[in-house]
Structures are given as C-alpha cells and as structure tokens.
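Here come two complexes built around chain A, the first alongside chain B, the second alongside chain C.
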Partner chain A sequence: MTGVARKQQMVSLNAASAVISRIITSNDAYAALGAYAHADASMQPALEKIALASARLRLIMASAPFAPPSLLDRLAQAADLQLALRLAKNPSTPPEGLRRLLRGAPTEPVRCLIAAHPQADAAILSGLSQDGAIRVRRAVSGNSQTPATVIRLLAQEDDAQIARNVASAPQADTQTLHRLWATADAWVRAEVAAHPNCSPNILAKAETSADPLIRRKCAANPALVPEVLQRLLVDPDDRVRAAAVRNPVVSGERLDQAGDPSASVRRLFARRSRLSPHLLARLTADPDVWVRRWIARNPDVPTRLLEQLARDTSMDVRRGVARNPACPAYLVDVLAADAEAWVRAGVALRPDATESVIAQLLDDTDRDVLSALGRNPRTPHANLVAIARHPDKDVRRSVAFNDAAPPDALIVLLEDDYPLNRALAAGCPGLRLWQIERFLDDPEPQVRFAAAARLARATLTLEPEWRS
Partner chain B sequence: MAELLVIAGQRGGELLMSSLEAITAARGVKQAGDTLAVAIIAADPQAYVGALSAEGVDEVIAIKATDDFQPDLIEAAIMALAGARKPALIVTAHGVDAWSFAPAAAVKLDCGLATDVQALRREDGELVVTRAGYAEKVLVDVDFPGKQTVLLTIRTNVFQPASGSSAPKVTEMVPPTADIATTHEGWKSPADAGGIDISGAEFILSIGRGVGDESNVEQFLQLAGSMGATLGCSRPIADSGWLPKARQVGQSGQLAASCKLYIAMGVSGSVQHQWGMKHVENIVAVNTDPEASIFSIARYGIVGDMFEIAEELENHF
Partner chain C sequence: MKIMVAVKQVAFLDDEFEIRDDGRDVGEDFFEKDLNEFDHFSVEQAMLIKEAAGGDAEVVIVIVGDEDADDALRTALAKGADRGIRVWDDALAEADGIAVAKVLAKLVEREKPDMVFTGAQSADFGSAVTGMALAGFLGWPHAAVVSNLDYASGARTATLRRELEGGLEEIMTIRCPAVLSIQLGINQPRYASLRGIKQAKQKPVDELSLDDLGLSAAEVAPASRVRRMYAPERGKAELITGSAAEQAARLAEIIKELRGM
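Now for the complex of A and B:
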C-alpha cells in the first residue's frame, strides 16, 4: 500500500468511526440497522446492541427483508419459536442462519418455511427431504434450488402435489420426467411436456397429443427442434399457436403467419424481434389496435412505419412510438406536441430528448409529464429544483430518481413534508454527506434508516468529501 | 315518529353525488311516520331542489349563503337544525369536508357519532351501524344507547345514489350566524385522470414491481382490457413512469373505493399499497414469494410467476 493510499484509508476509517459513533450516540435502532451492513466488524457489536435492544425490536428485525444477513444469522443463534418463524419467512436469512434454526429442532411450520426458503442450499434441502412430515417434503419438491438427486427420490412418492412440483422442478432429470409421463395425470403430463429436460420421445408424443393442453405446453418447451415448432405454429388451436410464437427458440425471421386469423396470436407476433420487413408492414396496418400497440414499441420497426404509427388515431399506439428507442428525433419532436399528456409523458422520459423538446415540455402542467421530466437526466438543474418544489408530492418525488439531480434540488426534497420523499432523497448519491447527517434525527424510521445507510456506506467507500 | 336529516353538499355549484348516497343511507332506516329532510347550503340553494327531490325525501331545507366551503357555517347550521328539530339521525358524506365539521358538531350536541359508516340497520327499533376498525382489519357494529340524536358520516361509493322522485316541501332557512375561522381560497380540481377511474372501478387488476420492465406492462394492460378490469399499479410502477399516476393504488395514489374484486400480480403488498385496497372483499394475490405481505390480506393466493398466470388467463378471455 502506498503512503497516499494508507493515508486515505486512515482518513476513511476515522470518518467512518465518527459517523458510527454519532449513530451509536443517537441510540436509534433503525439508524443502527442502516449502518450495520457497512460498518467495520469492530463496530458491529455496538450497533447490534442497539438494533436488538428489546424483544420487540428483535421481532421487527427478524421480519425485515432489508436487515443484513449477518444480523439475521446472529438472531438465529438464540431464536425462540416466534423469532424462528420470522427468520424462516425472511428471504434475507442466509443459509447459515437457516441451518442454525434447524439445529434447534424447529416446529413443522418452521421446517416447511425453511424447505421453501429461496436461500436453502442443497444440503439443507437434502436433509429436509427425509422429514417425516409430508408438508415439509412437498415444500422441498417445490423449491427451485432442490438438486436432481433429491427430486428423483421425491418423485417416487405417491403424492399428487409432489408430482406436480417435480414435473416443473428445474433440476428434474429426463428419467424422472419419463416416469411421471407414464404414471401421472394430464396436468402433470402437460408440465412434463413443457420441461426442457423432457426426452425427444415424449415431445414427439406430446406434439401429436389429442389434448390441446399438452400440445400447448409442448409448444412452449425451449428444447423443441425448429421442425416441430414449425408444425405447432400451424396447429388448429390458437392457444397452441400462441404458445409456439412465444417460444424463444422460434426465430422472428422464420415467422410468416402475419395473416393468422387470431388477433391474440398476431399480438404475439408483434412482440417478437427480427421480423421480416413484409411482416412488420402487415402488422403495422393490422386492424387490431393491440397489434399496433405492440408493434409501435418494437425497436425493429423502420422509420417510415413508425411515421405511420405516430399518426395512429389510438393514443396508446402513439405512446408506444414515443417509448420506442428507435424513434427518430424528428418524430420525437412531433410527439412532444401530442394532444394527449400520456404521449408527451412518454417523450419526457426519453434520455435522448433534445434540449428544445425538454424546454417545450417544461411548460406542461400534466403531472405525468412533469414527473417524467423530474427523472430525466437531461432536464436542466434549475428546472429540477422547481419540480422538487411542485405542489404534488408524487411529482416532487421524481427528482429523487434522477441520477443527475443537483444537491440544490435534493436539499429541497430533504425538507419535504412527505416522509417517503425524504427517505428517497437521503439515499441519493448527489447529496453531500453533511447534508444528510441531520436526518439521523428525523421523526420517520425509514428516513433515519436511509440516512444512516448512506452515511456508513459513503465513509467506507471513501467518497471524496471524506478525504478532505 | 322521528325526523331524519341529511346534510347535502355542493362543490363549486355542483351537487356532490355523495349527497344522494347519504339520502339512500338515511332512507334505509326510515320507519313509518318518520320524515326525511335534506339541507343544502349554497349561493342558490333552490337550484338543487330538483336533484334532491329523490324518492323518500319529504322536505328540502334551502339555506341561502355561499358556494364556498365554510365548515363553521355547516357546523352552525347543524347546530341550529338540531336545536329546532331534534332529529333522531343526521347523515352526511364521509370525507375531508365532513372531518372539519361533523365531529365538532357531535361534541357540541353531545350526540352519538360514528364516522365512515358502511351499513345502517334497525335492531329492535334501535339504530345499529357498521364501520371498519383497527385499520380496516375488522368490522365493528356500533349502537348508541341513550342518545336522542346520532350523527353519521357515511362512506362514499358504498350506497347507491338515491333515485326516483318526490314532491318535497321546500323550506327556506336563514343562515345561522357562524364564527367563521377559515377562508375559502377556491376550488382546486383533482389532476386529470384521463378517463381512468380507480376509485369507481369494481374490478381491478393491479401490477407491482414483479412486472420487471416497462415493455411488460403492455401485456397486463391488454389482459385487464380483455378481462373487463381496470389496470391499477403500485407506487414504483407509477414512479417509473410506466403507467399514469392516476392508476396508482395506495396511500399516495387512489383508494379502490368501489372495488369488489382485486387481483394483485407481482405486488408485494406494502403498508402504503394496502391502504388503498385491503378493504376489498375479494383479493386474489399472485406472487412468487410465498411470504409476501399481500398474502396476509388475500382471500385467494397463487404462489407463482405472474407472467405464467397472465398467459393462462389470456387463454380464458
């Protein structure tokens, strides 16, 4: 480490220490929680003491998805039934915390929750697959993390719900799926037909099944070969054709059924990329407004067709053009003067809107247009300050989502009457840290949490302000 | 024989529809021999007599004063009418207007008071009303033992607006002297909702963060359209500019006041969102997270991918 780097690190540590000391002095649980994840390990025990000071706070923290995993793991070390239930429900509880809960011989509801937990790892799920309670084993079979070996074992159970879960489990192997195809009911067979690990043998049967549900699910299978998909694209059932058009394996270039009699199928065509020029033109002139709405958003549509869509009588089609990233500047200009505010709002959201378009829209009084300008990084700073002072709290809040918002605008928002606006502003990178510090005393917990998290994060990442 | 009194309201010279709803509410507990009077304060109260002459109305009391909203004047009028007529029941619409005069009048009259009332009935001849309690978690029946007069503010969009016609007596009343403590600065219309009516919709399909990207929103607009639902959304969707703010349900958005069926797809169910919809009788929640808060208030829950469910629904409509 160079001398400069070492000096910077010392400054950072001193600044972090000052901020954490300030938070500790405030004795506020939400501020402590906000700072915890960013604090040095030596400072965490003091913050932990504040955040978990009472039984009520421990219950609140155990349920909070924004609580740091290490704190949740700490709570799991001495969890009673109520804490265990909350921790098992909390998606942020880490695998180690779940293991601690299991070591405490938890009740069946807690085991069910752990079996369904998104952070339960293969070892946890493997252990729970041997559980005596069928509800727990069902939960394991429905967990997308469950490994193939466990899925294979569970598939042997005579239980309809487990069969359904296994048929759609990402790790289900070909052998397991084959067994289910042979033994399970039509609903499970349909799930098998949709599974990417399904064998070609089963897919061949599913493709010609008399049951349209099975053909439909088969048409959605991403492992289908193009020839089979091509046959399903002309299936007599429009729901089967719709599933085939949705299938990501189908190349837009191979689709040529723009004349499909079903509008619902043509709407799906309009959502696909790499469509042929002929198909794009036909869809642009489609009598179904939803087809035109979809095609208006399609970035592959050439300018001359976008021109046509920009003149559409449907406001929603014109809005689609305004949101199309391929919309040329001269059409953006036209749409900026559209009679419908929702179309103008679509233009106001565009990061490529020109200065003149932004200036024109700033005269607008519609709140969706103004909110969109509040988010737009090209809106001039002085106008962002004005938007942050708008009478409508939803319009004011938009400035907090603008990465280019200047401190002047964010300071206005920090004084907002509406707590959510203050909390969002407190987390904005555009604010100076000394401006945030006083919000550690805000009456709203969400504001104190946001301010503490921002301060602690800033000190540890050595933001320039802390170097001087 | 008792008198029932409805305090009607107008805004900028236009009769509030909630006044007709209040008439329906009062008429529902009117017994043989009772009279139903409706009072209106306005610059030209006679202009409202026709609209207020709904079935069951026996008298319209015209108080010629101002079209401005003056809560102290309304409170004084209630006091004067209650003093002179001793009504058994006074009904007005619940809302920010009523908050500024109804509780104050009730205290001064020492009468019974229930706010945000959703239903009225008679039990053994006595008035019993229903309102929500504990942040809409329970329904509470309220009675008023020993009270000669009861003042109720009724929830809007619950009672059908009174219809039919009658030939009520029209009484002109001199406006009472009131100690006016507020100044009416003018009426400000709510933001143009572009024809979107979340508060009036009976069937709402709502989307949340689970929708993922602006390009996916169109799919749910289409689905809502084919199902005959109004598309609503949670705050992050409106904040992102993906749907107009008029579609936002929740504390900083709209109240799904008339909704009978609410399908929440990819909505986690924050407290702020629940504020706008948790009173709905039939809530169907679709979320990949089985522990999402929305399931705690849903009548039916589907743990699953909102796009898969949407595709299945598209196949049925």
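Now for the complex of A and C:
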C-alpha cells in the first residue's frame, strides 16, 4: 500500500468511526440497523446491542428482509418460537442461521418454512427430506435448491403434491422424470412435459397427447426442437399456441401466424423480437388494441409503421410509440404535442428527448408529465428543483429517482413532509454526506435507516468527500 | 371558536403474534402503536375549518391513555393543532368506549368547545361507540359516519352528508355544538412537516387525572369485560388457475381429497 493510500484509509477509518460513534450515541435502533452491515467488526457489537435492545425490536428485526444476514444469524442463536417463525420466514436469514434454528428442535410450521426457504442449502434440505411430517417433505420437494439426489428419493413418495413438485424441480433428472411420467396423474405428466430434462421420447408423446394441458406444458419446454414447436404453433387449442409463441426456441423470424384467430395469441406475437417485416405490418393493423399496444413498443417496428401507430385512435397505442426506443425524433416531436397527457408523459420519459421537447413539456401542468420529467436526466437542474417543490408528493418524489438530480433539488426533498420522499432522497448519491448527516435525527425510522446506511457505506467505500 | 378532536392510539398487529398469558389480549411485544387511521381525517377536518377561519379558531386534541399515548397526541399536534390534553389514571387501563366517553364528556364541560370530532371508529376494536356515547352524555346533537361537512367557524348549524346502507347517502343539517364522528375519505389528511413535528414537541399538553375531572374510578368502571381473545381456526384456501377444464379437474380433485375418495 502506498503512503497516499494508507493515509486515505486512515482518514476513512476515522470518518467511519465518527459516524458510527454518533449513531451509537443516538441509541436509535433503526440508524444502528442501517449502519450495521457497513460498520467495522469491532463496532458491530455496540450497534447490535442497540438494534436488539428489547423483545419488540428483536421481533421487528427478525422479520425485516432488509436486516443484515449476520444480525439475523445472531438472533437465531437464542430464538424462541416467535423469533424462529419470523427468521424462518425472512428471505435474508442466511443458511447458518437456518441451521441454528434446526438445532433448536423447531416446531413443524418452522421446519416447513425452513424447507421452503430460498437460502436453505443442500445439506439442510437433505436433512429435512427425512422429516417425519409430510408437510415438511412437501416443502422440500418444492424448493428449487433441492439437490438431484434428494429429488430422486422424494419421487418415490406416494403423495400427489410431492410428485407434482418433483416433476417441476429444476434438478429432477431424466430417469426420475421418466418414472413420474408413468404415473396416471395428468398434472404430474404435464409438469414432466414442461421440464427441460425430459427425454425426447416423452416429449414426442406429450406433443401428440389428447390432453391440451399436457400439450400446453410441452409447448413451453425450452428443450423442444424447433420442428416440434412449429407443429404446436398450429395446435387447435389457443393456450397451446400461446405457450408455443412464448417459447424462445423458435426465432421470431420463423413465426408467421399473425392471422391467428385468438387475439391473446396475437398479443404474444407482438411481444416477440426479430419478427418478419410482413408480420410486423399485419400486427400493426390488427383490430385488437392490445396487439397494437404491444407492437407499438416493439423496437423492430420500422418508422413507416410507427408513423401509422402514432396516429392510432387509442392513446395507449400512441403512448407505446412514445416509449419505443426506435421512435424517430420527428415523431417524438409530434407526440410531445399529443392531446392526451399520458402520451406526452411517455415522451417526457425518453432519455433522448431533445432540449426543445423538454422545454415544451415543462409548460405542462399534468402530474404524469411532470413526474416523468422529474425522472428524466435531461431535464434542466433548475426545473428539477421546481419539480421537487411541486404540491403533489408523488410528482416531487420523481426527482429522487433521477440519477442526474443536483444537490439543490435533493435538499428540497430532504425537507419534504412526506417521509418516503425524505428516505429516498437520503439514499441518493447526488447529496453531500454532511447534508445527509442531520437526517440521523429525522422523526421517521425509515429516513434514519436510509441516512445511516448511506453514511456508513460512504465511509466504507472511501467516497471522495471523506478523503479531504 | 374551539374544536375538540378526540383521538386514540391504536394497535397494529404483527402477522405472527401470541395471546397474553391471561388469554384476554395480544402480548404487547406483538403490535405497534400509532394514531388511529380515522383520527387523521377528523384532525384534518378540524384543521381545514381552522385555516378557513384564518386561524381564528383553536383546535384541541384530547386523548385518554398512558405516557405511550403521547406519541399519537404529538402526531396530531404536528399537523397544526394548538394544544393537547391527555387524561390518564390506572383505573382507565381497561376502559371501554363508554368509560372513555364519560371522561371526554368531563373534558367538554371543562373546555366548552363549539364542535367535537371523533373518528368514526377505532382501527383496532372498531366499536364505533365513543362519539355517540359522548353525545348521549352531553345531550348534544350528533351524526355518525360523516363523509362530507360544510361548517364555518362559529356557525350555529352545519350541513353534512352521511353514508348509509345500500349505497344511500343522507344530507342533514345539525345544530351546533354537536358531536360528529368522521368517516375515512372525507378529506385528504396532510403529512406533518418536519417543522410541525419539531413544534409539536413544544406545544402545551395538559396531563389530567380522574381527580382533576371530578371523576371516581367507579364512574369509569367498564360496562363490558373481555373474557377471552383467540384466533379462530382458519380454513384452507387454494387459488385454482388454468383453463376452465383444468380448473374443473382441480376442483374435482379437491372434492375427492376432502371426501376421502
């Protein structure tokens, strides 16, 4: 490490230490929680003591998905029934915390929650697959993390729900799926037909099954060969054709069923990319407004068709054109003067809107248009300050989502009456850290949390302000 | 001109909770306390009248509750009300709506407001009784579930609209002073500004006991008593999706399961 880098690190550590010390002095649970994940290990115990000071706070933290995993693991070390329930439900509880809960001989509902938990690892799931309670084993079978060996064992259970879960488990192997196909349950066979590990032999049977449910699931299978999918694209059942259109196996260029009698199937065509020119033209003239709405947003649509859609009687279709990244500048100009505010708001969201278009829209009084301008990085800073002062709290909030918002506009939001606006502003990178620091005293917990997290993270990542 | 607004601090339950050992309420670790949602609307209505009067009106927030209830009281004060009164005595620990109304009636005698607002009901117990019982004790005109109000500061009557069953609405004129219980949606409650929140900490709040109001513990003894609180057993529910044929097949499957076929 160079001398300069060492000096920077020292400055950072001192600044971090000062921020964390201030949070500790404030004795505020939410600020402590915000800073915890970014604090030095030596300071975490003091923050932990504040964040978990009462039984009520421990319950709140245990169910908070934004709580740091290490804090949740700490809570799992001495979890009673109510804490265990919350921790087992919390998607942020780490695998180690789940293991601790299991060591405490939890109740069946808690074991079910752990078995379904997205962070349960192979060892946890393998252990729970031996559980005496069928509900727990069902939850294991439905967990996408369950390993192939466990899936294979569970497939032998005589339980309809487990069979269905296993048939749709990502790790189910070809052999297991083959055995499940042999069962009489149409629901299980349908899941098998949709599985990418399903054998070609089964897919061939599924494709010609008399049951539309099985053909529909088969049509959704990403392992299908294009020839099979082409046949399913002309299936007599609407839902089968719809599933086939959604399947990315067939390239858009090979799709040519725009004359499909079902509008819901044509809507799916309109959402596909790389469609052929004549298919795009037919969809543009489709009688169904939803088909035209989707095709208006399709970036493959050529300019002459976008012109046609920009004159559509439906404002939602015109809005689609305004949101289409391929919309040419002259059409954007036309749509910026549309009679419907919803269309103008679509233009106001465009990151490529010209200065003159932005200037024209800034005269608008509609809340959707102004909210869109508040988010647009091309809106002039002075106007963003004005939008941050708008009487409507939702319009004001849009500025917090603008990465180019200047500190002047964000400072206005930091004084906002609406707590969510202050919380979002406190997390914005455009603000100087000294401006955020005073929000450690904000009356709203979510604002204090956001401010503490932002400050602690900034000190940890050596943001320039801390270096001087 | 003075408007008194009676507010309540209510409990918001967690998803998971435990009943207290005595089986009569939820354990206090399992809920958050906050200002009753209906009271945001009644406070706002009072503030609108005050502002229309150019500030020539006083809004007094009253609450029956222990020190914890100060948070709800200050929340209402932060919206611009002038002062607050909190009444507490251990004898009020199990007070029902009638007992609270008796306390409020004494406060009305003391404060002599021109109008009293309450929320249409409390979000936790939902008895919807306090406002109407208060009017009964006072012998004042009253209207419940008020969804629109035309009242100017100091006026001798108010015109209001009430929601009735069957989608009907009723427009009535009421003699003032009166007790009105305010329905959700009558206005758009404001958020307290940061300045308002800071100022609320400095606003005067009288803390009164039953003695101060000339009430005895026996007079506020609850007329009702919770014997037991419990969560009834829930039935199972499943969202059935798919085509009509698939839904019918699943329904048949469930019926077979339930009948053990």
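The criterion applied here is as follows: the second predicted complex is superposed on the first by the 467 of 468 C-alpha atoms of A that agree within 3 Å, B and C clash if a C-alpha of one lies under 4 Å from a C-alpha of the other, contacts with A are read in each partner's own complex, and residues count from 1 in each chain.
FYI, a residue touches a chain if its C-beta (ideal position, glycine included) is under 8 Å from a C-beta of that chain, and two chains touch if they have at least 3 such contacts.
Computed from a predicted structure; not experimentally measured.
Peer 1: Return fit or clash for chain B versus chain C, each positioned on chain A through the superposition.
Peer 2: On the shared chain A, the partners clash.
Peer 1: With both complexes overlaid on chain A, does A:398 touch chain B (first), chain C (second), both or neither?
Peer 2: In the superposition, A:398 contacts chain B only.
Peer 1: With both complexes overlaid on chain A, does A:371 touch chain B (first), chain C (second), both or neither?
Peer 2: first
Peer 1: Who does A:333 touch here: chain B (first), chain C (second), both, or neither?
Peer 2: So A:333 meets neither chain B nor chain C here.
Peer 1: Output check: A:239 vs chain B and chain C. Expected answer is one of first, second, both, neither. What do you get?
Peer 2: A:239 contacts both chain B and chain C.
Peer 1: Per the contact definition in the header, classify A:116: touching chain B only (first), chain C only (second), both, or neither.
Peer 2: A:116 contacts chain B only, not chain C.
Peer 1: According to the stated criteria, A:56 is in contact with first (chain B), second (chain C), both, or neither; which is it?
Peer 2: Touch partner of A:56: chain C, not chain B.
Peer 1: Which holds for A:419: it touches chain B only (first), chain C only (second), both, or neither?
Peer 2: A:419: touches chain C, not chain B.
Peer 1: Of chain B and chain C, which one touches more of chain A's residues?
Peer 2: Counting residues of chain A touched by each partner, the higher count goes to B.
Peer 1: Take the contacts of chain A with chain B and those with chain C, and give the residues found in both.
Peer 2: Residues 239, 393, 418 of chain A touch both chain B and chain C.
Peer 1: Using the touch definition from the top, list the residues of chain C that touch chain A in their complex.
Peer 2: 14-18, 28-30, 190-194, 196-197, 242-243, 245-246, 249-250, 253
Peer 1: Once bound in the complex, which stretches of chain A touch chain B?
Peer 2: Listed in rising order, the residues of chain A that touch chain B are 89-91, 113, 116, 118, 216, 239, 242, 246, 264, 267, 290, 293-294, 297, 316, 320, 323, 340-342, 345, 348-349, 366-368, 371-372, 375, 392-394, 397-398, 401, 418, 420.
Peer 1: Which positions of chain B touch chain A when the two form their complex?
Peer 2: Listed in rising order, the residues of chain B that touch chain A are 191-192, 194, 214-215, 218, 221-222, 225, 238-241, 244-245, 248, 252-253, 272, 289-291, 311, 314-315.
Peer 1: Taking the complex as given, what residues does chain A use to touch chain C?
Peer 2: 55-56, 59, 63, 82, 85-86, 160, 186-187, 212-213, 239, 393, 415, 417-419, 442-443
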